[in-house]
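This is the structure I want to talk about, given as structure tokens.
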Amino acid sequence: MLSQFIFSGLALGSIYGLVALGFTVIYKATQVFNFAQGMLMVCGAYFAVTASIHLGLPFPLTIAFILVGAGILGIAIYFLLIKPLGGQALLPMIMITIALSIILRAVIELIYGGAPLTLRLPLPSGVFVLGDVRISQLHVTAAVVSWLCMLLFIVFFRRSRAGLLMRATADGYEAAVLSGIRVDRINAAAWAIGTMLAAIGGVFLCQLQLVSVELENIGLLALPAVVIGGLQSVPGAILGGLLVGLIEQLASGYISPKARDIFIYVPLLLILFIRPWGLFGQKELGRV
Amino acid sequence: MSNGVTAYLVRLRHNALPTTLRVIGVAVLLAILLYLPYVLQFRSIFGVRLSNMQLLNIGLSQVNLTLISIIGAVSLNYLTGCAGLVSVGHAAFFALGSMVAAATGMHLKLPFLATLVAAMLAGAMAGVVAGLPSLRVRGLYFVLSTLAIHFIVVFVFAEYQYAFHDVTGVAVGDAKIGSFEIDSGIKWYFFLLPITVLSCLLMRNTLFHREGRAVLAMRDNELAAAAAGIDVRILKLKVFAFSSAFASLAGALQAYYLSNVAAEMYSLNFAIQFIAIIIVGGMGTIGGGVIGAIVWLLLPSILMGAATEVKSGPGDFASFLLAHRPQIVNLIFGSIVALILIFAPHGIAGFLRPLWQRMIGGLPWRGRT
Amino acid sequence: MVEALLSVDRVEMRFGGIVALHGVSFEAKRGAVTSVIGPNGAGKTTLFNCITGMYQATSGRVLFNGRDITGLRPHAIARTGIARTFQNIALFGGLSVLENLKIGAYRHGTSGLLEGSIFAPRAQRDEKAAQRHAQDILDFLMLSDIAGKKPSELPYGVQKQVEFGRALMQGADLILLDEPMAGMSRGEKETLVQLIRRVQSTLGLTFLLVEHDMPVIMDISDHIVVVDFGRKIAEGVPAEIQKNDAVIAAYLGA
Amino acid sequence: MITTGKTRLRAVFIGTLLGLGACVADAMAFESPQDGVYTDRIDWGMTADMSGPASAAQAPWGHGFQTAIKAINEKGGVNGRKINVLTEDTRYDATVERVAYDKFVSQTPTLGTSGMGNSSAQTALVPLIKRNKLPVIGTYTTAKVAIDPPTPYFYGGFCGFKEMAQVGIGFFTDHLKLQSPKVALVHLDVASGKEYSSYVEAAVTARGGTVKSIPIKVVAADATPQVLEILAMKPDYVAIHGVPTTAILVIKAMKQYGIDVPAFAITYLGTPGVYENLGPDAGKNYYFVSCFSPASSDPKAAAEMAAAADKAGFGPLKDDINFVAGWVVGTTVAQAIAKVGAEPTREKLADMLNAGFTANTSGLSSELKYTAADHEGLHGLKPLNYDYSAKAFKSYGDYKDFDKYLK
């Protein structure tokens, strides 16, 4: 039982981690706490529907289509909504992302209709049997791909020039402007990457379930994940995601599915009290 | 003697409309407020029957629910706009208010008005608890602590509902004052209107006195406020308690109005709706909360009514619009919020305030952003 | 000899591994103007923050009016009778000048939120007292004409004066001014110097200043404390400080 | 603050007078409320979640209802009048449901209303329904308090949870030839899930069996914990309450863990979408019980509905149980209005239904009959599943065959 829960928890957690990572990237670059992250994830699932069903693209092209679509969407969101609002207080920035999710939901329903859709991508769907433990191949694929994406991102973030610029921008907006970095481009890129990561998460979730705007609620579990991990921390987001996945499975399995929210949000409250900067984040120096 | 300051106050008064005009203004406003429920109930004005669209597709129960939401929105605006404590957990206090009203009515057999008071007291106490994280964390981290509190309260509500009430929800008692039962739209209107006006006035009045002004100072600069002797931590808890008491009152009133409420009602979207209201209306002003609630609750209905009227037009397009009315209304609505955020950061109230001030000169709904 | 109103006793402040203050001690005499000078980054503002409770000193004591105020929270220290201004003006942007001043009267009132909401007599009394006091201060500062303006509508120098007025409103015994002259024109500086003198003589208040402008410092101070790299390097009346080798070295060296 | 006390008092006084004057003027002109019946049309209300969280199921219901009325109007309407459906999108929000109901009472008066697919809101409205005397005919879900005892002016329109539990348990216990069945019940941790759970328990206990109730969250992303519990229990069959996503998660996870027992779901989960998503492998063991017949399970009975659906652009929905339910309610409403006669009123309509009324649903549902003692309407159900090779729903007998399980 336990190992079973841990495996499925880690698999789900990897997807959350992926979405949370996208969230962190956006937050680091533009200081926007993105409540629409769940809806961006849903967009990924619907991009897959368009590519695979409406356009009939083969699988690799479908993937490319999703990534390009998500990238363009992210850039468009940055320039249309986030930039014009630039540097406003906390609440307007939160609200604009909520407005974004209302708009995206309406647009999706206008294009695809409200009913859930079924999408079958050629991903492995069998089961590995290891002794007592049965592991869904889809879970394993989701976890492996999520980890690959995370690794790719970390390499990009740490090693590439663009990643360097991104980190520089995140550390200080003014300094970045002064040193000649084109902050807009970097921020737009962050939104593009954040949206792509969410979209990949969405593709996997819609394989586990249906393609539906209601997937947003699951995507919102990325919120506690990033807070537990520490808003600014890339590894924190990933580990936070894994932790939320594990808590979800163990709490549902051993106690009750209702208890899930409590087991996620009570620790979150405790963490806010004890280590407000998250488990893996860095303490921000500031005066009281 | 201070000539400059007196001159300033006199100037305020002189910019105002002449007294007779002001009297007429107040009288007309009052007459409209008194007459409004009858117009909506009988769908006619001075005996002339009005069509639904002439009444903007608005009904009396919408107005009553709007009155309740105004209390909720203004209390959130007090917390978030005036004290600078951003909360996404406001629905939790609605839930708490309805839960306490139901519980004190059912288990303690308290009468209607007493349960409202009990709900306010419970809201104030819970507000202190919900405010505790504000002593440790600020900004976004605080927002998330309110999110956590939202989920925890809704969980408790659901457990209470399943343990003591029907699976379909928590049934609150009848709204009875003595033997007088508030059972019609018009009765509710005349019960809610004074409560709403009074709640708004109570919150507004604080801002013109010592501690309420300190709340605004704390929002603008916590450090300077502390240097002026304001105990910022205690004040935050007080504001939380004050605002939550009104939110709980609104929750209890809503529960009585609907007569049955379920845990599922208090979703995150419900809380987010209040944030949207104060942003649309205008942050940090009482008027902002009022205008925001009116717009947010009534505009969709007006849009929906208008969409129903649009029956002609190029065939396919019109039928597409008709079939997707809700989505189109959502789309328009989300876009309006985004546009207001980008182009009118002070909300509709911020937009109207200069006009209003020029008209009456004074600062009746104190403008602050 | 006049007694010390404020005495700072071996105050040390560390941020992680960095030591910002190495056991600084000095006294501010009642009714006098004491200035703290030193090159940029010498720890002057840190010292102010330690005195007013914005920072918790790592060790050492601060005595005010004979009472140990070390470790008290900022608002509690303010309530013992210490007012301050900030290096970067800290006015309340959402409030008018008049209201900013009324905040200064906070510690003299007792009415709470609930009393304010129902126009309780106590709240009304507090409000009237604050209004009167604020009008007096505005008149004193000759700022009455701008009572209804928001801080953002005022020039920098006037904002500094408003902040000064708010400190006066607090009715404190000791006022800490953190670079009150910074960014001011010659004329504005002179006005402020005269103002401080006037307050000092009419109200008998004690001042502690952090300032860069040497002529002003030499002109206004009764006593000067010089800090550099977190240490006190000299102390004395202006004439002594001007001749002190360590001070000259610190300024020239920096 | 600036107006002095005296002038303010005067203003209040004048305002009050003006307001009262206006009210008197209005009261004089008060017209008797019409019941939404006009010379050429009858207004009828319909509420459903057309864009909110429950829209995946309720929007098809709404379309089914509208399609039925459209078809009737095209045949000339009812007694010379067209039925004009006023649709209100409730987004599964109890306050919006309340506003919509009040709207149909007097704002844009209708002869009656249908839908109301939110059981909490329905419970809240029961006292109002009694007081306002606006007939509610054909609800998408039926709250227990509304029909037990029967609420005047309230008539259900969907299969009841109790009957679903009884027929499902009865059929599968006999079908698998079990003496004391072991049943695993996966249900949502919300109100209706708890209610269904109690009915299943009663039905299983009556047959000497055991039941284990396993809750799942509406927004679950995975059903591993639930299925592991099923695995540990080794049930004879599984009963499922939930939304399409949770049903899919459970069935898929059951397959993953090699649990090869049949599962039957509540009516709401018998949609082509669920079967399509499950695929033939996992879907062959998935059944549901229903009081409605999807078009493909009985093409002859569904001929008229299928044609109307195709014409209205809802062709793909005709196999959706929710669409059929909406259609059945639509035709029932039209028949009821027709039976009342040339000048229908709310009161006459409710009196007629209360006196006894049987709708002709042409085989698309089990018998739909209202009596003074029974306002629920539909009782009979049958088990169905999907034949992937024939691309059609397949029913296991006729509705009447399973009446023996109803208590």
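All chains are identified by letter, namely A, B, C and D, in their written order; residue positions are counted from 1 within each chain.
Keep in mind that, in the parts below, contacts are C-beta pairs under 8 Å (C-beta built on N, C-alpha and C of every residue); 3 or more make two chains touch, one makes a residue touch a chain.
All values derive from a computational prediction rather than experimental measurement.
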Q.
Quick check on the contact network: minimum steps from subunit B to subunit D?
A. 1
(Q) Which chain has its C-alpha centroid farthest away from the centroid of subunit D? (A) C
Q. Which chain pair shares more contacting C-beta pairs: A-D, or B-C?
A. B-C
Q. Quick one: most central chain, C-alpha centroids?
A. B
Q: For subunit C and subunit D, let me know how many angstrom lie between their CA-based centres, rounded off.
A: 71
**Q.** For subunit A paired with subunit C, centre-to-centre distance based on mean C-alpha positions, whole Å
**A.** 49
Q: Indicate the whole-number Å distance between the mean C-alpha point of subunit A and the mean C-alpha point of subunit D.
A: 36
Q) Could you state the distance in Å from the CA-based centre of subunit B to that of subunit C? A) 41
Q | Touching two or more other chains - residue numbers and ranges from subunit A | A | 109, 114, 258, 287
Q.
For subunit D, give me the residues that contact two or more of the other chains.
A. 50-51
Q.
Show the residues in subunit B shared as contacts by 2 or more other chains, in ascending order.
A. 12, 223, 327, 330
Q. Which of the residues in subunit C end up touching subunit B in this complex?
A. 52-54, 73-76, 78-79, 83-84, 86, 90-95, 98-100, 102-107, 109, 111-119, 123-124, 126-127, 130, 134-136, 138-139, 143-145, 147-148, 166, 170
(Q) Quick check: in the complex, which residue numbers of subunit B touch subunit D? (A) 12-13, 16, 19, 22-35, 38-49, 52, 55, 59-62, 65, 162, 166-169, 171, 183, 185, 254, 257-262, 264-265, 301, 304, 325-327, 330, 361-362, 364
Q) Which subunit D residues qualify as touching subunit A in the complex? A) 50-51, 53, 55-56, 59-60, 189, 215-222, 224-226, 228-229, 232, 244-245, 248-249, 252-253, 256-258, 273, 276-277, 279
Q) Where on subunit A does subunit B make contact in their complex? A) 33, 35, 81, 84-85, 88, 90-92, 94-96, 98-100, 102-103, 105-107, 109-110, 114, 220, 223-224, 227, 231, 258, 261-262, 264-266, 268-269, 272-273, 276-277, 287
**Q.** Residues of subunit A defined as touching subunit D within the complex
**A.** 1, 4-5, 8, 12, 15, 109, 114-118, 120, 127, 134, 136, 205, 208-210, 212, 214, 217-218, 221, 248-249, 252-253, 256-258, 260
